[in-house]
Amino acid sequence: MTDKYYVNPVEPEYSRHKMSAEFAALLLAFLWIVFITIMHFTVVSSYSRGKKLRIGFLPITCHLLLPVAMERDQWFNDHVETIKFSSWPDMIEAIKGRELDATFILAPIALSLMDQDVPVKIVLLGHRNGTGLVVSKKENIHNADDFRGKTVAIPIRFSTQNLALHMFLSDGSVQASDVNLVELPPPDMPSALTSGGIDAYIVGEPYVAQAELANSGIMLHRVQDIWPDFISSLMIVRDQVLKDKKVLMDQLIHVLYSQGEWIESHREEAARIGAAFFGLPDNLLIHVLTARPTRVVYRRLIPRQDELLRIGDLMVRYELLDHVPPCRLYLGWRHASR
Amino acid sequence: MKIVVQDLNKCFLERRHSIRFLGQCPPGTECRVLKDLNFCIEPGSFTCFIGPSGCGKSTLMRIIAGFDSASSGKVLIDGEECSAPSSRHVFVFQEDGLFPWLTVWQNVAIGARHIHDHEERAEQIMEYIDLVGLAGFEGHYPHQLSGGMRRRAEVARALIVEPDILFMDEPFGALDFVTRLQMREEMVNVHTMFDMTILFITHDIDEALQLGDQVIVFSDRPSTVKADIKLDFPHPRDLGAEPLARIRREVYYLMGLHPAL
Amino acid sequence: MCLPAGFIWGGVMRPVKSLLGFALFLALWYGARKLLDVPVYMLPGPSDVARALKEMAESGQLFESAVASLYRVTWGFYLAVAVSVPLGLVMGRIRWVSDIVNPVIQFLRPISPLAWIPIALMWFGIGDKPAVFLIFLSAFFPMVVFTVSGVAGIRETYLRVADNFGLRGLDLYMKVILPAAMPEIVVGLRITLGTAWLVIVAAEMIAVKSGLGYLIIDARNSLRMDKVVAGMLIIGVIGLVLDHLIRLLERLPWVEWSTRRQ
């Protein structure tokens, strides 16, 4: 083995050490990043940052207008890109960061955005009613007084659900401080009720129906019993977009508004569309939409100043805001109501 | 390279509580390590420093190499005062100084960076590896070699620099007895082959007498030169024969030891 | 034929033993479900999860999610390493740089990457960038610390030898400092990659449309616990594979020396 080098001792450095292991490792690491990047951009559908309007939503029945429009309206598909979120805070960051042109969002959040001088306007409501106060079957809860000392879940403090719960409790002369309020993501509420982690919750559909179908909770009150013509989510648009894409925006409001009318007359079909799009079980949404016509209502979706100011008043009363912010509406609904 | 050391002194400011020098130098005081050293080393000679451990031999070596400075006095190398380290002064340390992440070949190449021609460099590296008897092991990593082989690779790395002065600080201290004897023999051959000045620190009196053209014996701290012995004997040397045997006995007595040990 | 017991039990049997562990885990899972009679939406059983896995594999969702997550982890992790290792090497060598930079790093280090989510969304919008940024943060600070400590632990002899042979500048870093600090850096890489993989799931629960974290959050929103657990399994498996891959680095000569040195 030594002889090899006596025969030809003049061997250049590079031939003796063809490639160092470190260099090979670096090369492999480089090839990997090239590979995974190419894979990512071929396999994974990414956001097309085109000229389309970008609208955010959450998979809840309050935002059903969007999937129905996607299913039924070609104009909508040509001009709008929908972006699914899984939490309200992310959505807030996105609209503040101008990643979204418009979004469906909880009414109190919209008001607090206006309070923070975020340049947005309210253009449309998501739906009316569609919320329920659910209590565990194991607990003996029949009226507001029974809520003393119980644990009750709300989706987020800045929600009309929270305000409605406060109204309900104060009607029964129960202080909010007598009840243990917890914020919980809506999908977790039914299982938390089953496991006994919470005693009751107030939330939008379909998470009321889920507890009903699983037979773990009963709806104590429909929200409209507490707050007639209840508003949960509404759609806000950035001022800049209203200025730059006025015509497009007006048309969009019109399209969405007309979907509401269609849903009212095709409830089961709309439920199927929503279930497929949100990835929810069919029977759940069919139950929500068809059990009772007033359970969720897709009429009267035009925002009204007095209703929103009332929400603002309630927010001030329950210490979510210091004062009622100027309520900024967009009159594009004139096209919508045409 | 003729090395002249004139009136050399070295003081340290003792900062630590060191058990090793307890009682000698209280913390915060100046502690003299080297005291009034005067000696001369002939060009091309093999000079051994012996003395008790901690007496400042390594410090002296670092001063001569320019890595450390003297408190007073001077070191003249070929008549010039030396102040900065030079790449022509190469050390072989007591501990393993080979880079364990490089092969023998790559380690030796560290010393061959002054050769710019690619092919010539490769040729030289192989030649020096061959010289220390490691041909066939150039692709091995240090941990795959025995202690003696690692020392030889280090010597090859030092030699390829073609240093003016080779500094060896107890280079064979960690080797087993037989390997040490072999390394001694090889060092004699190396010195014969390359006409360079070698400074060699050792604790082993026999090793110093076997190797050195000149042996300088240091006292305990503060170190002074106790003896400066010229040995003009051919290799291999028989330490049992006169007059070397007599010199050996004297050095043993100088260091406070019994030669029959 | 006489093999030492240690060889059989410690060598050949090792993979068998870890398989045994997984079998036990599966049995426990299955048994617990049978005994306690929990509904699928509380805890899906192995067969439900297997079905969900098959469904997601066939639809390509699984592959797509894994690619998206790996893409983000790779970029975040690479960027972090590319910045932190050179910075750590310089900090380990040059005192005043470390005196200035180190307090800031020690201050930012204990902040969970998840605490940066709001800022990440503000700065980088939605899509891959905020997730990559969070991974970067999760890997950057520990990697600086590991690199600095790697440089600080270099044996004095190697630095003296480098000095003696006149190694300076880039040569010094590439031939001595980096390989000498490499064993510690690789330990850092291994731990940090694990953390990055932990963080990606959380990072993908914010506004992205793809990835394993999104897969889980989406499955949860659509009330599919079987898919949630399937997603968790895939995250575990990929994490295991990543750990094994990065451990291959320990075999590099620049790293192996530290375990072989007598």
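Per-chain residue numbering starts at 1, and chain names A, B and C are given in the order in which the chains are listed.
Keep this in mind: contacts are C-beta pairs under 8 Å (C-beta built on N, C-alpha and C of every residue); 3 or more make two chains touch, one makes a residue touch a chain.
Computed from a predicted structure; not experimentally measured.
Geometrically, the chain at the heart of the complex, using CA-atom means, is C.
By the count of C-beta pairs in contact, the leading chain pair is A-C. Set against the C-alpha centre of chain C, every other chain centre is closer than that of B. Taking the mean of the C-alpha atoms as each chain's centre, chain B and chain C sit 48 Å apart.
Annotation: 31 Å between the Cα-based centres of chain A and chain C. Inter-chain centre distance (chain A to chain B, centres taken as mean C-alpha positions): 78 Å.
Annotation for chain C: residues touching 2 or more other chains are 253-254. Looking at chain B, one finds that residues 103 touch two or more other chains.
Annotation for chain A: no residues touch two or more other chains. On the chain B side of its complex with chain C, the touching residues are 67, 85, 87, 89-91, 93, 95-97, 99-103, 110-111, 113, 141-143, 157, 161.
Residue ranges on chain C touching chain A, taken from their complex, read 41-42, 60, 63-64, 67-68, 70-71, 74-75, 78, 118, 121-123, 125-128, 205-207, 209-210, 214, 217-224, 249, 251-254.
By the touch criterion stated above, chain A contacts chain C in their complex at residues 20-22, 25, 29, 32-33, 36-37, 39-40, 43-47, 59, 83-87, 89-91, 93-94, 96-99, 187-188, 191, 194-195, 210, 214, 278-281, 284.
Put simply, chain C touches chain B in their complex at residues 155, 157-158, 160-161, 163-167, 171, 175-176, 179-180, 182, 253-254, 257-258, 260-262.
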